[in-house]
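Below, each structure is written out as structure tokens.
In the two complexes that follow, subunit A is the common piece, with subunit B as its partner first and subunit C second.
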Partner chain A sequence: MPRYDVVIVGAGVIGCACAYYLARAGVRVAVLDRNQVNSGASGRNAGSLHFQLEYRLIQNQDLLDRQLPFLLPLTLAGIEQWRSLPEELGVDIGLKMTGGLMVAETPKQIALLRKKSEIETRCGLNVEWLSGDEARQLQPGLSQSVQAALFCPDEGHCNPRLLTPAYARQAEAAGAKFLEPCEVVDLARTGGKWLVRCRLVNGGAEETIQAESVVNASGAWASELALKANLHLPLFPVALMMSVTEAAPKVLKYLVQHVGRKLSLKQVSDGNILVGGGWSAKLQTSAKQGAGKPEIRLDNLQKNLAAACDVLPAVRDLNLIRTWTGITGITLDHLPVIGQFAEAPGFYVAAGGSGFTYGPTYAKLLSEYILTNRQPELLKPYSPDRFSDLNMFMGQ
Partner chain B sequence: MNYDVVIVGAGPAGIAAANILVEQSLSVLLIDEQARAGGQIFRQPPKGWTVKNWLSSKIYRDGINELRKAEANSLIRWRFRTTVAGISRVAGAEPAFRVFAEDANGVCEIESRFLLLATGCHDMSVSFPGATLPGVMMAGGIQAFVKSQQIVPGECFVLVGTHPLQIIVADQILKAGGKVAGVYFGQPLSRFLRAFKAPATLFRFSGKFLFFLGCICRVLLAGVGIHFGRTVRRALGKEALEQVELMRLDSQGQPTASATQAVAADRLGLCFSFIASSELARQLGATVRWSAPEGGFLVEHDQWMQSSVPGLFVAGEITAVAGADAAMEEGRLAAFGIIRKKMGAQQCTEFTTQIDAVTRRLQKHEQFSTLLRALSDPEDIPKTLLKDEAIVCKCEQVSVGDIHSMLTDNQFVSTASSLKLLTRAGMGLCQGRYCQHILVRLIAEQRNIPEQQVGPYTAQFPSKPLAVAKILEWSPESQ
Partner chain C sequence: MRVEKGINRPQPISITVNGVSQQVYPGETLATVLFSAGLQCFNQNRFEQRRAPLCNMGTCFECLVSVKRSDNDRPQRLRACMTDVEEGMVVEAGEGFSITPPLGDRS
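Here is the complex of A and B:
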């Protein structure tokens, strides 16, 4: 029976980054996925690095109060890590941290942006208030409808096509093993060890792998995998749409987001403009086992493009070349769930909540947790312990 | 807009199906990107134009009769110059589809209870150094100009490939007043002579055979050389094609040590094989199977031409490239399949004789297409042409060398979709239509796994670039 220190399930950004940080520390790691490296949400999201406070936090005072003490250190850790990533991974990952704008078009949105700016300044996040004209001066091409914007110089974007494979290559170089595509059939803990029974996707042969610890990095399917270890993890799949235009002359220098509408805009080095912002696609009811591509909702695509054209009119003259979907996972409190289950020692999870922007940070912190067996301070609010009521009669 | 059946593709399969469906009072809409019906094979001159001796050979007679019958039938609805950008399924008891289509005026949504995809095929793109030079074309592209409008798109042509179609194209170029510097087949002449080992098939299809012999005679009489065991090595020229460098191949399709030869030409027509246009079916999640000689990823279907997606029928080249006659029979079979599904099997006994006849003819045509594939399969020649500097994805300028090194550096990548994400190959304006086939074969070879396991690129919406402005102007309510 193959034996590893850690088996990571899910070869997305969190899984591959975890594999890298652990293998680098001398841990014997295996990564398995039923699909390919980076084939899920990690490779399908729009690649925004957004560090400004999110809409839902500004709207929810209670959540904000609980989050603020943790959020800033996490944000700062994230920014610092991103800045060092190209050098650390030794390869171009399409990282542009030239700054991000969050725009407002109506008086109501301006008020919201103002409130956000105050909170952010109070807690030490680097943001700058811009009038509509100042925003247009900074980012030519923004529409006249933009009345104000908040600029955060640390924001930007990274190419989701490149980040996860770069981590995977470095993990492999450090000794991590990427297994043939296989799916987990069962997870059990006996004699203090985890037994991971898996089935090869091509051919169907079954194999059992032994590990000291298991990392559940299976994204939207984290709940399904947790159940295989007899644990409840209330994380729900959400299907989102992203779109890309044909290559256009260089117009966008910054990541552009909207405070009151679902919109993210950026231009990649090849010239294509990526349009996202969290518009939903329709999940297939048979979405189990990762099957069933979500269906594009044309009405939502239209709204997404309308928001894009309102803010950056040049988009209207371009051709859409592709709209695709990805499935992410969210928890009831919208916070990620990262840590070890008290009910199942050695079973770790990292899923949900801004998984691209914070993926590398979550992975690094979780690796520290596994290596030292001590919960890092920054991960405290995200522990799966907050669901322990659900697991009272569950566990290993 | 709501129809019993929407047919995508007004080629032989689509029109043959429509003719039967409207007879049974089903409402039918035929959608095609071209301005007139006929597909690639019966590509018509623009309305009001006449082309002297347009497809006058007897081998086209059945198809043209079918075409005229459909055009004269006022029950068939048509939408020309219309592209289907995407199709979605409507949840509910009945299998139903929503077709999102684009034309010059904008986009619209059409609902349909059944869908018949008869989207045909396109030329197989091959990569070799210089293949992106202006003047390098697909033989099918050249034919599209010559056949319907007698436009000769160039001065002097060289045709290179493995498919007999290149003789027909050469004949058409000559008839339209163009010059042909040579026709080069990669396979040895002995491959063609194998045809005589199937005299029964030759006899059965003597019409096609004689037509083809006629083309050969006219091409030879015009002083054009037809060569075997030779193919393109490089296309040369400063800003556009000036010379085609040819190399000799042995009987296994491998380059030999003998000297290369350069032929002056301003147009190179490539004619190796045809790739099934299965992307709309894949967008809907239909199961596909890989078969290189039959056209790459082909849509699987049952005996009634229904795909793995209930209500989605397929006919013609997207089920296996087999020519217009087979496509028409498949279209008819799909039509009976749809009628049977709509009315129930018991109500369809009156069609038994017709269905038996269709099945018999289909089997007969399959004999011919099997023989043709055996003679013309490029086998490994497209891979032989690949040099590291050759561009495999023209849209995103990804070279063969890029693909090789990406596969070497990323051992965990083994599917076409995954390689696409890593390299951008297939992410451009053509949506991967032209590079998918060769890229799948490259991955399969380097990873030593079957092409079926490599799989196609995920087919995304929209199938072809779509103006953002048109999407914004679309109002779902007004449909």
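Here is the complex of A and C:
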């Protein structure tokens, strides 16, 4: 029976980055994925690095209060880590950290942006208030309808097609073993060891791998995998759409987001403009939960593009060349779940949240947890223990 | 060049291609019409490379041409392989047509 220190299930950004940080520390790691490296949300997302407070946090005071003490250190750790990533990974990952704008178009949105700016300034985040004209001066081409904006100089974007494979290559170079396509079908803990039963997707052969610890990095499917270890993890799949225009002359210098509408805009180095913001596609319901390819929703696509044209009118002149979908996972409180299950020693998870922006940071902190067997301070608000009521009659 | 033998076509309509009026048939795509007019290059991309249709099914975007539905319409850059001819269309295509989007200030 093959034996590893850590088996990681899921080869998205979280799984591959975890593999890298662990293998680098001398841990024997295997990464299993039922598809390919980067075939999940990590290779399909918008690639936005957004460090400003999210809309849902501003709306939920209780959540905000719980998060606030951790927010700044986590954000600063994320920013610092991103800045050093190209050098650390040794390849181009299409990283641009030139700044990001969050715009407001109506008095109500301005009020929300004000509130956000006050909270952010209070907790030490680097944001600057701009009037509509100042925003247009900074980013020519923004619509007259933009009445105010918050600028965060550390925001930006990175190419999701490059980041995770770069981590995977470095992890492999450090000794991590990648098994794909290989689906985990069962998880059990006996005699203090984890037995990971998996099936090679093409060959059909089943194999059992032994590990000291298991990392559930299976993204939107993390609850499905947790259940195989006899654990409940309330994480739900959501299907989102992304669109890209043809290449255009350089117009957008910054990441552009909206405080009151679902919108994200960025221009990649080739000139294409990516349009997203969290508009949903239709999840398949016939197959297993969250399985199968979601269907594009034309009504939502139109609203997404309308928001883009309203904020950056030049988009109206461009051809849309592709729209695609991806599936990501959310929790009831919208916070990520990162840590070890009290009910199942050695079973770790990192899923949910803004997993691209913070994926590298979540992975690094979780690796620290595994290496030292001590929960890093920054991970406290995200422990799966907050769902332990659900696991009273579950576990290993 | 069109196959004539044994084919019944509807009444021709006329469109303008690079300033020259052309007789074409309803149901034909712009790609068909441009090929039959002898055009080999449909546009120049932003690297000033000459491009021509590759997939003929709407995915590669190599066949972009400039189309106005009427003389005073705003030109649109459309895929020739996915666009059916319409009476009065004004089409610009070929080496002289650069597909670089005109991203003027529309704020």
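The rule we apply is simple: the second predicted complex is superposed on the first by the 392 of 396 C-alpha atoms of A that agree within 3 Å, B and C clash if a C-alpha of one lies under 4 Å from a C-alpha of the other, contacts with A are read in each partner's own complex, and residues count from 1 in each chain.
Just so we're on the same page, contacts are C-beta pairs under 8 Å (C-beta built on N, C-alpha and C of every residue); 3 or more make two chains touch, one makes a residue touch a chain.
Since we're looking at a predicted model, the values are computed, not measured.
Subunit B and subunit C, once both complexes are superposed via subunit A, clash. In the superposition on chain A, contact of A:Leu390 is made with neither subunit B nor subunit C.
Contacts of A:Ala248 after superposition on the shared chain: subunit C is touched, whereas subunit B is not. By the touch criterion stated above, A:Arg169 is placed in contact with subunit B alone, subunit C being left untouched.
When the two complexes are overlaid on their common chain A, residue A:Leu298 makes contact with subunit B while staying clear of subunit C.
Legend: residue contacts after superposition of the two complexes on their common chain; A:Asn319 is shown touching both subunit B and subunit C. When the two complexes are overlaid on their common chain A, residue A:Leu63 makes contact with neither subunit B nor subunit C. Using the contact criterion defined above for the overlaid structures, shared-chain residue A:Leu138 touches neither subunit B nor subunit C, since it reaches no partner. Residue contacts after overlaying the shared chain place A:Gly271 against subunit C, while subunit B stays out of touching range. Counted by residues of subunit A touched, the larger count belongs to B, out of subunit B and subunit C. By the touch criterion defined above, A:Val37 reaches subunit B but does not reach subunit C. Of all the stretches 6-14, 24-32 or 42-50 given for subunit B, the clashing one with respect to subunit C is 42-50. Applying the stated touch rule to the two superposed structures, the overlap between the subunit B and subunit C interfaces on subunit A comprises residues 246, 316-319, 321. Those residues of subunit A whose C-beta lies close enough to touch subunit B in the complex are 11, 36-39, 43, 161-162, 165, 168-169, 172, 178, 181, 202, 245-246, 270, 292-293, 295-296, 298-299, 301-302, 305-306, 308-309, 315-324.
Listed in rising order, the residues of subunit C touching subunit A in the complex are 46, 61, 64, 77, 99-107.
On the subunit A side of its complex with subunit C, the touching residues are 136, 140-144, 246-249, 251, 271, 313-314, 316-319, 321.
Interface of subunit B with subunit A (complex): residues 86, 88-89, 100, 109, 285, 396, 409-415, 417-418, 421-422, 424, 427-429, 431, 449, 453, 458, 460-462, 465-469, 471-472, 474, 476.
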